[in-house]
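Structures follow.
The following pair of complexes shares a single chain, subunit A, combined with subunit B in the former and subunit C in the latter.
Now for the complex of A and B:
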């Protein structure tokens, strides 16, 4: 009996192994075919773009394009081919601006299969909806703005992420109002993407709209992080205080973002003075160290009172950080002596220049 | 009575084998799901988006080097050529006895910079000098010369001197894909509810491949059987094992050759343990333990794609040394953290992951060895039904072949590295010979490692002689 069962199991296992060989071979064949197909679609698309942009467009121009694409099997029944064409379209769109971009947007509205990206947003699968939204804003299809708005607080992170980025692409600085109504935490990438898109599509800061949102109460922490990144990216000097204020927050990530943003901004003596007041208040010793590091590169003389206070502390991390900042200045030797004295458990030399 | 003992022992091995088979089947489905999920997510965060962004976290690559003078220049050039908007490279010369440092100083026009006030939160062996390049094209490069203290100590020095948010621990002789860091930071950028405390990716074997200027130009199947079978072993381990664990946030190991960690967490746990030979496994376990104790939600993530290429041992002698060391590392970490076993405080790590690692990773060589002894003993006593035994052996062998083939199939289907029929046949044939040629040697090496630990025989890393990728001549 056992022998019989084992014998059947061996046959089954061997059969399954054969099936796997077949699947592997088939998979390799399909991949090769698709690589060839992609090359053909790419070539055709390059020709279409060049004809559309630089040749005279006849009445039958779009019909010819449609025929050519159908001939290359870029049809709804071959979704992989359609998706590849869309990816190409998005890549190409980013290279053009002005009237040429307008021509490209017109071409895209005529390419079959029609409304494919919009149709994706009607599906149930989150990744298809998110992909559809992404394609709509990447191809600058502004007529769908209102439609995208409804996904901004979707329960799926990818859907709401793409929707929020889309809103920023289509509505610009005005769209930042949605930050006050965020239902979910915004991921770091989403923050970065929103700031990047704002910078690409609307490079001139709209301070009126920014002020409106900055003055809003109850903005969730991740919304505040986006605002700080915007201030940093657009180098809006008059709003640096908003970032400094966040150092007081109990939220670790908020303080971390504030420190990150301040590190790359040009700070004036008043800014530095305000930042120094938060040194004692910030509970995390590594963030305290980051506060010290913010003083690097600014005239040492103006920070001496602050540094002197820090050098009295017992935290080696902070002592050495200040010492490091003072390396190469006239105070280097004094600090060296101080640290050596500390190391040997002696009192600090009394006549410090500091 | 003897017959009952025979049945009891046979039943034990049967249950162990069936449980292992069940886990492997589960791994396959979990891995498949994880790969699918990873590919879907990639669409929404393309590497070009990351490379064009200005706010992405900065990364330091820390690469320890010990007596690698033959290939150090091309290795460093390779590491410098990676694509990432904000990265620095710290090469830590771990007291090399050869001319590694001199070569680096000369080639990259390095000058010493003062470091006496540098904060070193993790205690390490003495740092002798810190060097930066005078040439602007190498501004990302810092070379630190220190007294010899081992790989973990060298990495700790790099962590101390790094100023970035993320640290990529690697080896100077690894070939990292150009877009590797861009792909590796993805989980850090995307995660919202759980902090990513570690991220690894697939590691591949590049023996006999074509490498030019530190970049993998053409991937070839290794000529030697030993290295070829390790290709299959790596594919199986990374694609099935680690991806499956990643799917349920159960990863306990990120390979030392390629792992990205947040610097603040590394410092909080005191860096890598210099006393163990399995410092990568130990670090991951300690990081997880730390997060559990702090009650902070966390994640350890794995990327299925092969992003780092390394040279695997090409002789049985070096291979045995490597696996002996891995076995000792496993022993040390498991026994040093024994308080986690079935400890509900550590949730799934204490109740599932650690017991699994103990029973099926640590226990497998012991069970296998005992199995061989039992077969011999029962054969001598005439208890074995040879017809059943042969069929059972054939079935187990075929199941092993199926898992290897499944791993290769998944790899071929999803990644372009091995795309020629000849390559696939080479890999499959190596996999099918594995139980006869490769596995017994590995079993021997693992048992050797355990023996050393059991009888407290002192043994370090062993001399891991590498051939190199044969580039030093071209480097001039």
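Now for the complex of A and C:
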């Protein structure tokens, strides 16, 4: 009896193993088929796009393209193939710039799978919606600008991330207005992504549009951070004061971003003078030190009055920072004497310039 | 173009770039050979190309080694590098091996590139 049961168990195990092998082999076969299909679709699309860009376009041009794609099974019933075609389109979009891009966008608007991206945004899964939005802006489908705007404050971070980038890609400097109406904090990663996209697509600053948003009241902190990063990235000298003024903020992160941006900008004497007025107001001693460090590399003579004030303070960190900045200048010895006198609890030695 | 058309060679692993660059060259009168697998390059073939447009990133080949290989195995007039890769750090090292007539990173403005080729 036991032998019989064991025998059946062995057969069952063997049968299960066979089934597993069969399934693995089938899946490998399907995968291989798909790789081959992808190669065929890529070859066809490469031919189509090159002919579209450089050959004479006949009346039946787009119908012919659609027919060829259908022949290669790029049809709605084969979503994987359609997705692959979309990925290729995005690649082409990223490869070429300038006047040829218009032709590429025209071609996309005539291809059947193009609606697929829009349909993705109607789904419930956040990752599908986000992907759909991404495809729409990557393929420069500007007629969906207003539609994408709806998602800019979506409750899912990935969906609103793509929507915000899409708005920047489509509307450029004008899009910055959305920063005044942010419902959620924008992460550092996203802030950088927005600034970089703006720089790639709209490298020439539009000061009129920038002014409009800078003059808006009640911009959320992360919106202000993006604006500061934009001023820094595009090196907009006349707007540096906007960054400096954020030092007055009660928000630590906002001040931190302001200090980060100021550290990599060329500051003029007026800028430095303005920064100095915030030294006392900043509550954090490490950020105060960063304010001092901003003065490194600029002519010392113009900062002497300010340094003198700092040297009277009792914070050793700040004293050392000023001493460090003055190292290598004619005031080095005087500062050393001053620090020594402080150490020994003496009054500052007389006849110091500082 | 008058007389015999000029010969050109495009080396790109990516088919999209390969086909578009080939078409662009043909549109300005070049006779164009397009290759997506550099192992197909035959060192013994002594065809002279007036123009070569190549990537520097190919499977199994380091960029600088590849440039040396091109220099030794091909005979050409002008050479341009078109790549999806950031070239800023490589430019100097590549130029030390082989003087390059132009570096183009994606996204490429094809019209500008074409005009540059026509001017030279």
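Note that in this section the second predicted complex is superposed on the first by the 240 of 354 C-alpha atoms of A that agree within 3 Å, B and C clash if a C-alpha of one lies under 4 Å from a C-alpha of the other, contacts with A are read in each partner's own complex, and residues count from 1 in each chain.
In the analysis below, contacts are C-beta pairs under 8 Å (C-beta built on N, C-alpha and C of every residue); 3 or more make two chains touch, one makes a residue touch a chain.
Computed from a predicted model, the values in this text were never measured in an experiment.
Enquirer: Kindly classify A:189 by the partners it touches after superposition: subunit B alone (first), subunit C alone (second), both, or neither?
Expert: A:189 sits against subunit B, while subunit C stays out of touch.
Enquirer: With both complexes superposed on chain A, which partner does A:49 reach: first (subunit B), second (subunit C), both or neither?
Expert: Second partner only.
Enquirer: If you stack the two complexes on chain A, which partner ends up touching A:161: first (subunit B), second (subunit C), both, or neither?
Expert: After superposing on A, A:161 lies in contact with subunit B but is clear of subunit C.
Enquirer: By the touch definition at the top of the document, which applies to A:252: first (subunit B), second (subunit C), both, or neither?
Expert: Neither partner.
Enquirer: Once the structures are superposed on A, label A:6 by its partner contacts, choosing first (subunit B), second (subunit C), both or neither.
Expert: The answer is first: A:6 touches subunit B but not subunit C.
Enquirer: Subunit B or subunit C: which reaches more residues on subunit A?
Expert: Counted on subunit A, the partner with more touching residues turns out to be B.
Enquirer: Report for A:99: first if it touches subunit B alone, second if subunit C alone, otherwise both or neither.
Expert: second
Enquirer: Can you list the subunit A residues touching subunit B in their complex?
Expert: Interface residues on subunit A, with respect to subunit B: 2-3, 6-7, 9-10, 13-14, 16-17, 20-21, 23-25, 27-28, 31-32, 127, 130-131, 134, 157-158, 161-162, 184-189, 191-193, 195-196, 229, 232-233, 286, 289, 316-317, 320-321, 323-324, 327, 335-336, 339.
Enquirer: In the complex, go through subunit B and note every residue touching subunit A.
Expert: 40-41, 43-45, 49, 52-57, 114, 116-119, 121, 186, 188-193, 264, 267, 387-388, 391-392, 394-395, 398-399, 401-402, 405-406, 408-409, 412-413, 416, 419, 421, 424, 428
Enquirer: What does subunit C use to touch subunit A in their complex?
Expert: 14-20, 22-24, 26-27, 84, 106-112
Enquirer: Report the residues of subunit A in contact with subunit C in the complex, numbered from low to high.
Expert: Touch list, subunit A to subunit C: 42-43, 45-47, 49-51, 53-55, 88, 91-92, 94-100.
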